[in-house]
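Just so it is clear, A, B, C and D label the chains in written order, and each chain counts residues from 1 on its own.
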Amino acid sequence: MIVVLSKEATKEQLAHVVESVEAKGLKSHIIYGTDRTVVAAVGDKRDVDKGALENLPGVEKIVPILSPYKVASHEVKKENTVIRMGKDDPGFGSDTLSVIAGPCSIEDRSQMLDVAHACKECGARALRGGAFKPRTSPYSFQGLGEKGLQILAEAREATGLPIVTEVLTTADVPLVSSYADVLQIGARNMQNYMLLEAAGRQPKPVLLKRGMSATMEEFLLAAEYVINAGNKNVILCERGIRTFEEYCRNTQAISIVPAIHRVSHLPIIVDPTHGTGHAYMVESMSLAAAAIGADGLIIEVHPDPEHALTDAAQQINPEQFKKLMARLSRVAQAVDKNL
Amino acid sequence: MIVVLSKEATKEQLAHVVESVEAKGLKSHIIYGTDRTVVAAVGDKRDVDKGALENLPGVEKIVPILSPYKVASHEVKKENTVIRMGKDDPGFGSDTLSVIAGPCSIEDRSQMLDVAHACKECGARALRGGAFKPRTSPYSFQGLGEKGLQILAEAREATGLPIVTEVLTTADVPLVSSYADVLQIGARNMQNYMLLEAAGRQPKPVLLKRGMSATMEEFLLAAEYVINAGNKNVILCERGIRTFEEYCRNTQAISIVPAIHRVSHLPIIVDPTHGTGHAYMVESMSLAAAAIGADGLIIEVHPDPEHALTDAAQQINPEQFKKLMARLSRVAQAVDKNL
Amino acid sequence: MIVVLSKEATKEQLAHVVESVEAKGLKSHIIYGTDRTVVAAVGDKRDVDKGALENLPGVEKIVPILSPYKVASHEVKKENTVIRMGKDDPGFGSDTLSVIAGPCSIEDRSQMLDVAHACKECGARALRGGAFKPRTSPYSFQGLGEKGLQILAEAREATGLPIVTEVLTTADVPLVSSYADVLQIGARNMQNYMLLEAAGRQPKPVLLKRGMSATMEEFLLAAEYVINAGNKNVILCERGIRTFEEYCRNTQAISIVPAIHRVSHLPIIVDPTHGTGHAYMVESMSLAAAAIGADGLIIEVHPDPEHALTDAAQQINPEQFKKLMARLSRVAQAVDKNL
Amino acid sequence: MIVVLSKEATKEQLAHVVESVEAKGLKSHIIYGTDRTVVAAVGDKRDVDKGALENLPGVEKIVPILSPYKVASHEVKKENTVIRMGKDDPGFGSDTLSVIAGPCSIEDRSQMLDVAHACKECGARALRGGAFKPRTSPYSFQGLGEKGLQILAEAREATGLPIVTEVLTTADVPLVSSYADVLQIGARNMQNYMLLEAAGRQPKPVLLKRGMSATMEEFLLAAEYVINAGNKNVILCERGIRTFEEYCRNTQAISIVPAIHRVSHLPIIVDPTHGTGHAYMVESMSLAAAAIGADGLIIEVHPDPEHALTDAAQQINPEQFKKLMARLSRVAQAVDKNL
């Protein structure tokens, strides 16, 4: 951490800064520049609140040097973490680009089973489906609850594919964990720390979606809540951020894929369905995600999007998914990945 | 809702749109324009998923007409809702600008009691203090928990001021509700729907902070989760949004104050501490919030900000708070409010 | 355009709205809904200021139906516009993904010629290089001016590749146009309407970069300034938007590629150099842009990025460019494009 | 500037960094931390491109210490700059809150003269009116040009108030400067460096609007283009930034007022008309701007907003302006300012 003093800072203020830095267990190095004096605070104390120094008299600003995340970073673990959804799964983080597919919401048994078979045929490696739905409006369909989980488990039975589903609240973690192969934590809950910790205390991998306005640092710190609670298997998922753009529901910020790969050992996948919000963009964004090096994709596929109870504008049908997978396979090969 | 057809839409596609609109229990009116045909879908169905129509062949886009929120709106209730924190409290939504003050975190008994007395003397109408802290980093101080609530209750005893404190998870709602006069739901939990509903099922008023990237619509829909669960007393709180700006931690979006007053009967207050993120801006932003018509303020005051365990950069000390309140009183009068 | 009346609008207010709509040469259709009355204003008048109606008593909001852009849209021209930089060029908008490459700034003759040959060998179809540099800081290197243009022309001579360079001001349009094969208008000038019109009055194709906070509508309207002034050859370029993200200089918003292809006949290329701001991301973002369907790329290549006078952090060297082009070729083929 | 080395940086890489720092004329101090080695580069070289070091092998990131702006900063000039529009004007930066008022566009002689008299009666200290209009759409009204300037000059004659008007292009600077008392540079041109320099070479004060996505640093650097060209009289103007918010046209980022006052000697005013985009918010935002300490306001007033040729949704009429000024006067007094 670098403490930058204001141009007018007095000797006494400098002395007080040095004292404060050392009171925090850090060593201080003073550097007298032509325009500014700065104090470098040295030591592995990522948990020091930098604000505490920012408010000292004579201080202009504080500049952090170390990233605040630790256990998710490559500094702690060089080799990439490979996370398997089941025993036959090559895993996210391997040379395979795995695709999770399925409807936004589980609506009924036949809808789910139909689409599950279709997804499997097209090459999906896991099924998704929402039983507990976080809805912006209290007037919208909220999901089938445990009944949905049972249907999803039946789809696993029928297809052999592992299942991924969202958990909304700490109290439901044991229930959802008992059905699911992967627990999803949604964008709105990325900073629901109690839920992150609860997910960290159960054994299934966690698919953690990026919050709509989360920085990369916050995203990795959220993952560290899960890891520190005992679960090392966190699959990160970029699902679009909120910006001023008007032609898409969210702005798919895919440059986070190479950025995460540079600093973290965790795999990162892309959700082109929510990342764009429009069915017509899902295929091309899937190809882009593969090309940029994503470790996987999660795509909403519905047997009849026009009549879907949720997210009708952005789900694709099995036929569109089939075509998407064929094109995706070619792009994956072009970047030396399998599908 | 208006369904806009693309220029090339066929007669069959138009017929299918009309059929789909009517299948949702809405009436349809077709308008043939010079460039586009549009179908107006009429009926009070705020819960219809507009996406379901967006995906129909020949449809270019869907334009909603009605706002998705209901019970928080002036359409349902003309007169403003006045929310009292205690029996002597004039209430948010009255002619009084009420100020809630206190430290970010409750750190220990003497810190809290000292600052509580100081806040009362300066004219604060309620005390705030965090016992359960949502922290971006798992390595940061997480609060004293129930011990903190006990200290806060003691401060209420000592000063006669009602207390406001945050609840982080559904499971803690009964505990926090048994101590607090007002339950705070933080920005990171604005779309934690389970928590909103739990807060809606207990009797204390709820102070709901705006999410960092929440639109006004989403903010009011979150309030409706609380109201629909049975609790009409929701105090909205603008606390800054996330933008590209670099000189402040968040961008304080105070034009939401007149915007909310125009469409909703709920009171809205401003949090200049998190809204700016810098102690030096808190006073002037407080004055601006009063001038624009905010129903109240929530301000972090710490006896010794330099040594605060959390948010040290943005808390002000009692002396600064005293000066702030003196200036605030003048501005409040200039807009015909009491302090 | 749909005029939505507020719930309390009176009959007189409705009559006044109808009158105002008709005074603008539009036809009006009144639709009485269960909650709202709306007036549909019909007619091809994209230039009507919708604000004029928004301010009428009893009006809640105005909802536009038609997009404000015209001549850039597929409605006016179905087939894609193919824009050639020279006579051997397959053109942007064709089945070839063309790559423009070269240094951020032209620094001297040998730098430019060296890199020009290297770019040609790697398969670039055009050279770029800045002679007039728009710099955020007045203290930064501002470019070589006409001397730079001469060097660039020499590089064209030496390699046979067409040249692309930026023009900053109306007065320089004739000069730059006399040297360049394509005139670039930078992001900061996307709404410099005088410059757009001047570029529209000269014969060379225009490469128009998206403004840092431009919506798609504004981007296409800027293109229409050029087209309406007489120049149909506008190549759109996505170069990153400004968001809250901290790990990249800009957020590369590549979903605008399929969005533009859906509504416009103009080609759109991607600038991964400015779109990410970091050399280490340029290759993977280039692949993503190819996969999503971009019509081309513009990439900064410098013989010695470490000593570049501008944009040193984000330029790649010829060796990196060679590797990029090899990988790009494979991805282009995977989406049925040539390089 | 601090160069942070990556954890794996070798001794050779460190030596190369030190060499590169010193080659730029800076001194280097190496600090060996527990996790990182950093090199502090000392010297007053604000124009060093930090990117040049960012790209060196073994470098993780570069952290700037000095702000890039100079002549606009308090470091160079302690006392505030007071800028007068005419000889009777107390000036922006004084104890007076000056209000500039008038229509968005000059539409005809009687419109302008009528509203000019009304503005003067209400206490405006200057008139505004657009003769050259930068319009997003090429199909919109573009202003009366010089004819408009003549009408504006006549309004000055009639009222004795100085006039403020926008210049769009370098070529028009002499013409506009010959009529106007203050030259306005609009948000879209904030980084049109040629125009900034041209405005810097003429003698009238410059009202510089903040770009829609400009940071504070970029805003001050734009002002320095004007100052360095020879004109010290730059009045900054916050006019709203672009965010995801949907209830206002822009987000009025008023915390920039205390931020600018902290670092710069230049005055800053607020434009609540464009900053909110809705007539109903203009009054309350004006009060907020006064309360937060703005040095002035620029407000659009039109005799008949409903029929305005531009910005009809956000202009207020003279009666509304009169009421606004009465309320503004009270708030100004509450913060020890005159109106």
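Everything that follows uses one rule, which is that a residue touches a chain if its C-beta (ideal position, glycine included) is under 8 Å from a C-beta of that chain, and two chains touch if they have at least 3 such contacts.
The structure displayed is predicted, hence computed values, not measured ones.
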Chains touching both chain A and chain D: B, C
Chain pair, B-C or A-C, that carries the greater number of C-beta contacts: A-C
Centroid distance [mean C-alpha coordinates] between chain B and chain A, Å: 26
CA centroid of chain B to CA centroid of chain C, Å: 38
Mean-CA-position distance for chain C and chain A (Å): 31
Shared interface positions of chain C, touching two or more other chains: 213, 242-244
Chain A - residues contacting chain B, complex: 20, 46-47, 49-56, 68, 70, 134-141, 168-171, 188-189, 191-195, 212-213, 218, 221, 224-225, 228, 242, 279, 305-315
In the complex, chain A residues that touch chain C: 213, 215-217, 241, 243-248, 251-259, 262, 275-276, 280-281, 284-285, 287-293, 327, 330-331, 333-335
Residues of chain A defined as touching chain D within the complex: 2, 4, 7, 29, 31-36, 38, 40, 42-44, 63, 65-66, 75, 242-244
